[in-house]
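Take a look at the structure below.
Chains: A, B, C and D, in written order; residue numbering restarts at 1 for each.
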Amino acid sequence: MSAPVHVETHTEDHAGGITYFEVFGLLIALTILTVTISYVNVGEALGIPQFGRAANIIVGLVVAVCKCSLVVWVFMHMNHETRINRFVLGFAIALMAIFFTAASFDFLWLGTYVHSFARAALGL
Amino acid sequence: MSDASQHHAILSPAFHKDRRNLRALGMWLFLGSEVMFFTAFFGAYIVVRSAGAASVAMPLERMWGALNTVVLITSSLTMALAVQFSKKGDRAKTGRYLALTFLLACCFLVVKAIEYTHHFMEGNFPSHDIFMGFYFLLTGFHGLHVLGGMVAMGILWWRNRRGDFNEHYNDPIEMAGLYWHFVDLVWIFLFPALYLL
Amino acid sequence: MSAETVNAVVDYIHPEPTDFFHKYVWSYDHKIVSKQYLWTSLMFLVLGGSLAMLLRWQIAYPNQPVPVWGHLLKGIFVFDSTGAISSDGYLQLATMHGLIMVFFVIIPLIVGAFGNFLIPLHIGARDVAFPFLNALSYWLYLPAGLFMLASFFMAKGAGEAGWTSYPPLSDVAGAVAPVWGMNFVLIALFLAGFSSILGGLNFLATIIRMRAPGMTWSRLPLTTWAQFITAIFQVLATPMLAAGGAMLFFDRVFHTSFFLPHGLVIGQEAAANTGGGFPLLFQHIFWFYAHPAVYILILPSMGFASDILAAFSRKPVFGYRAMIISMISIMGLGFIVWGHHMFVSGLNPIMGMAFMVSTVFIALPSGVKVFNWMGTLWGGAIRLEPPMLYAISFVSMFIVGGLSGIFMAASPVDIYIHDTYYIIAHFHYIVFGATLFAVFAAATYWFPKMFGRQMNAKLSYLHWGLSFLFFNLAFFPMHFLGEAGHMRRLMTSTGYEFLNPMAPWNEFITLSAFALGLSQILFAYNFIYSVFFGPKAEANPWEAATLEWTIPVPVPHYNFKVIPTVYRGPHEYSSPEAAPADWIAQNVPPIRGKAAH
Amino acid sequence: MKRFPAWSLFLACMGAPALALAADIQGSSGWIPAAVSDRGRDIDALYMHIMVIVVAIFVITQGLLLYSIIAFRAKPGRKAVFSHGSAHVEIVLALVPALILLYITVASVQLWELVRLKPPVKDPVRVQVLAEQFSWNFRYAGPDAVFGTPDDVIANGEMAVPVDRDVLFYISSKDVIHSFFLPESRVKQDVVPGLLGRVWTKWNVIPVWDLATQKRVLLTLDEYEAAPVAVSGYKLNSEPNPVKTWYQFSDSARINYLRYHYDLDPDGKVVVMQGGKVVQTAPRYVRHYFEIACSQLCGNLHFAMRGTVRVLPPEDYAAWLKAQPHDDFLESKWNGVWDKYHPEYDKAL
């Protein structure tokens, strides 16, 4: 017994309307974009200098997530994959998000406990 | 043709589809577990960087990283093409793209070796500061994954040459492809995290 | 996978091996791999248990020479020059007892041995999905175990930072004596973790894709359901342990500082590491794995108990669907409760509150399971065979362990009982009282199928009675120690005035533990004797309905000559369809004229 | 099927935890050290609430288990009831525990807030605690109320606090993780290097040793002021307890079961105080202490990492602070670690 499947044998050089070469071009373009942006203070460029570094991080991560989605969706054929495989990846990513959130929340909250050694290293 | 190949020739397409889905499930589960493996590293890195290690000097040359990104993306493309040709049953082209992917992986490791040499010559060992610790931890384990991928690619190239794969049976190449794209994915996050931000 | 396609390729999967090496050493057959796991983990069980005996001796009779072993091994291993246990030796015993029992006994025993054996038989498959990975997983587990053993022979002994190996104690040079002993432990955990991941993904793929025709999700035996949930934990949580261990290894060997803050001073000397890391980070990573690991330790046992209780009550499991829903919710909640191990560790108190709420509510699905087991017994025709007695004891002990867990979930109360013997009592009620009793149940229940012979019932009854009695006498008083505030991992409580009244209890516990240890000889004798000389068993001695009982003993190489078709649930005992018999196997076609379920 | 009388053995064995539980309830008062702070008593109250719930569930479930085994034992001619369960029963059986758990959660959240999120604000006594392998260091701000100045009072192993006043501890470690455990106050907090933790408590009683019964007793401040208490000249001695329980067959075993008693110290001068004044009467009590324990594994001498806390009337506390000698070695432990890495707190205090 097996779940209903609809896995194509990919005899075309594209998956879901976009060719591998187009994806490749996009990936290279995004790489150039992210490297270029890293030389610029995004916060200042957008007129919010107080978020300088944070803005750079957000832009960098957004670009990385875009690249990642392209690879997963097209190169890894997630667009044709079975539901269970999508679920596996989704579940792992959800757990990753839980861990990141919990760990950050624990360490970056300066209430009752102060990670003063780290703060001292920062010169705060 | 080998025994395995002859055997696979007599099996029905339905069987191949079942087998392929089974293997894909196994591979995705493995990749899910790999995601969790790197989650611990990235989680620790996020915490340490946000909590204060921002002031550490990042002695990385971002052009080397960018070069390696391009190399890995290209290898992902060649791998995708190898999978595609193996599904068409084109053994010659499959072998060619597998070899190309292997060479690009070599390229990646050579660049990495040059970088490591620079760090060591400047005295930037893992113990230098917490940033270098994370740098070597993350790139080291990523490098091990690249090495593993190269071993797989070598074996597959040889098996492809021997004639194990045809348009019905090419799961191992497809699974190696999934793995290789994952290695690429990790780098896509490593690069901005370590070199740019 | 359809029966036709599988039957077509039966000889291709892995032909029956003819030589010794491929039959018993590098075997692809899940039944052989399962037996490899079984024997290896039973050896480790003996070792881990012996370490516990030494521990208990030291606590009850502090600094007294250990009988026999102390005299033989004076000055070496964990003994000092008088033959008593040294302070370093005590911590090594405690650490290695925990690590061996969790990673090298319980997980390989219930997942590696029983999971491997039962999953393909339960779902009507010829083998697991990836036989090569299955063999590999055992052959990673064995070297991991050898690394673990080797760590005892390193200079200055094995790891001694507790099984949790919290940095900086486990991390920074000079905090504890052992150097390579600790590194070997980390290597062993990395390998064992890898083995566990491979095993888990293999089981998941097998259960998802290799079920026989008609074997729907709502017809799976609960053992297999439990193994399925367990495997999810294995695949997605274990990598965290591997990663945390790798970071610890980097800290120890390459002198990075992932878990070491600035300004550490060991003794009077500043630590060599540059600092900048967080000790609590390791606890997050570790418990993100180790809390799910707690469910890895208990879920398969819940599965064994469910199937066995149904088979010997001659009644379907009460609330089969509720059982599955509760296991799934345990899985979901199990991933977000790890912080309850950190209530007093310096965790952000707001997070502590969130973790407390999720922890309290994970008691709910566990409670539903307990009620369902009792509902299964209610109105049954209970046959008190040895497996049934063990399984009922499992329920009884699980209730005790679960109830004591409520005290810990209530975080203000946990402040007082954290890191005391209360915790030890709690988790030994779960991992020994519940899990090991379920293992005894499973061993006696599936023994005829595994080895084609029967165990001696009288010896089993005796073993059960003595184990149950001495287990409770050994571990229940630990709650009293916990109430008195008796800290864990204390080599001796002599130094504390407030612990003085508990000294007699400590001796009582030790004597009971020795008796408990000795009682296990009965089981070992019965088990080993019966493997070779027990009376030959029938194919279905318990009149059980699941698929593994439909095939002959000894189980043929490919399990099922023809892949069976499944027509009903796993526990259709006393169904009117089966009358006048009180059971009907899963693969019997619906009987005309009688109501099929 | 042969009828092995297994259920009778089962009954006997089920009795073991039940009896032990009874022994537990009966013996609790002696085993749980008496709580000495309001929050400690709150925690005990919550503990007892949960205990009542748990014992009830324990008795009901184990009783039903035992009843089912006996009542539903297979007999010839009787078949099991064929039932897959009932959704209604299932829902009820989930809802009732859910309500109980909800009560426990609400009670716990409220108490947790008090013990972890609401530090005392009204002029608490501030004590810094620096843990190391394997001892406790304490520091008081001294007359200028600023830490890290030369007039700080520094102690090792023993600290003193005034009775009936909030005490706020700042805790950190210089090497590995320890755990600051005050059993009688129900306070426990891991002491993590690199992390400055805060815990607080308030002692309402003064521990003294009753010379007549040779037992520790706890006095309120008024009771203490009314009785003659020896503040020096007595020594705590111990010897193996001669009482032997039935299962204790070995004499050497009892070296860890001690009998404590205060005796006159031949080298010391007996000073007896009553109501804050030195008196000449014979003492009824000797001033005693509470213990501080380390409850997190911290190395091979973890079991010996013990400290003591003297709870004193305010004037005695002031005298204790004055009497602490200056010690360069002890001070160096603070300068090297704490003052370098916790500056912001030192400024704020």
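The working rule: a residue touches a chain if its C-beta (ideal position, glycine included) is under 8 Å from a C-beta of that chain, and two chains touch if they have at least 3 such contacts.
Everything numeric here is computed off the predicted structure, so don't read it as measured data.
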Closest chain to global C-alpha mean, per-chain Cα centroids: C
Pair joined by more contacting C-beta pairs (A-C or C-D): C-D
Reference chain A; chain at largest CA-centroid distance: D
Inter-chain centre distance, chain B versus chain C - centres from mean C-alpha coordinates, in Å: 34
Chain centre separation in whole Å, for chain D relative to chain C (CA means): 32
Whole-Å separation of chain centres (CA-atom averages), chain B against chain D: 54
Shared-contact residues (touching 2 or more other chains) in chain D: 116-117, 193-195, 197, 340-341
Interface hub residues of chain C, defined as touching at least two other chains: 1-2, 208-209, 236, 240, 261-263, 275-276, 278, 280-281, 284, 288, 346, 349-350
Chain A: positions in contact with at least two other chains: 2, 84, 91-92, 95, 99, 103, 107, 112-113, 115, 117-121
Of all residues in chain B, those that touch chain C in their complex: 7, 11-12, 14-15, 18, 21-22, 25-26, 29-30, 32-34, 36-41, 43-44, 47-48, 51-53, 56, 125-130, 132-134, 136-137, 141
Residue ranges of chain D in contact with chain C within the complex: 1, 4, 6-7, 9-10, 12-14, 16-17, 20-21, 23-24, 27-28, 30-33, 42-43, 46-47, 50-51, 53-54, 57-58, 61-62, 64-65, 68-69, 72-75, 78-86, 89-90, 93-94, 97-98, 101, 104-105, 107-109, 111-113, 115-117, 132-133, 174-177, 179, 181, 183-184, 186-190, 192-195, 197, 245, 247-248, 250, 252-258, 260, 291, 293-304, 306, 333, 336-337, 340-341
Chain A partner contacts - residues on chain B that touch it in the complex: 17-18, 20-21, 24-25, 28-29, 31-33, 35-36, 39-40, 42-44, 46-47, 50-55, 62, 66, 69-70, 73-74, 76-77, 79-81, 83-84, 87-88, 167, 177-178, 181-182, 184-185, 188-189, 191-192, 195-197
Chain C residues touching chain D - in the complex, by the definition given at the top: 60-64, 87-88, 91, 160-162, 166, 168-169, 172, 175-177, 261-267, 270, 275, 278-280, 313-320, 322, 344-346, 349-350, 352-353, 356-357, 360-361, 363-364, 367-368, 370-372, 374-375, 377-384, 389, 392, 395-396, 399-400, 403-404, 406-407, 409-413, 415-416, 418-420, 457-458, 461, 465, 468-469, 472-473, 476-477, 479-480, 483-485, 487-498, 500-504, 506-508, 511, 573-576, 582
Partner chain C, residues of chain A touching it in the complex: 1-3, 84, 91-92, 95, 98-99, 102-103, 105-107, 109, 111-113, 115, 117-118, 120-121
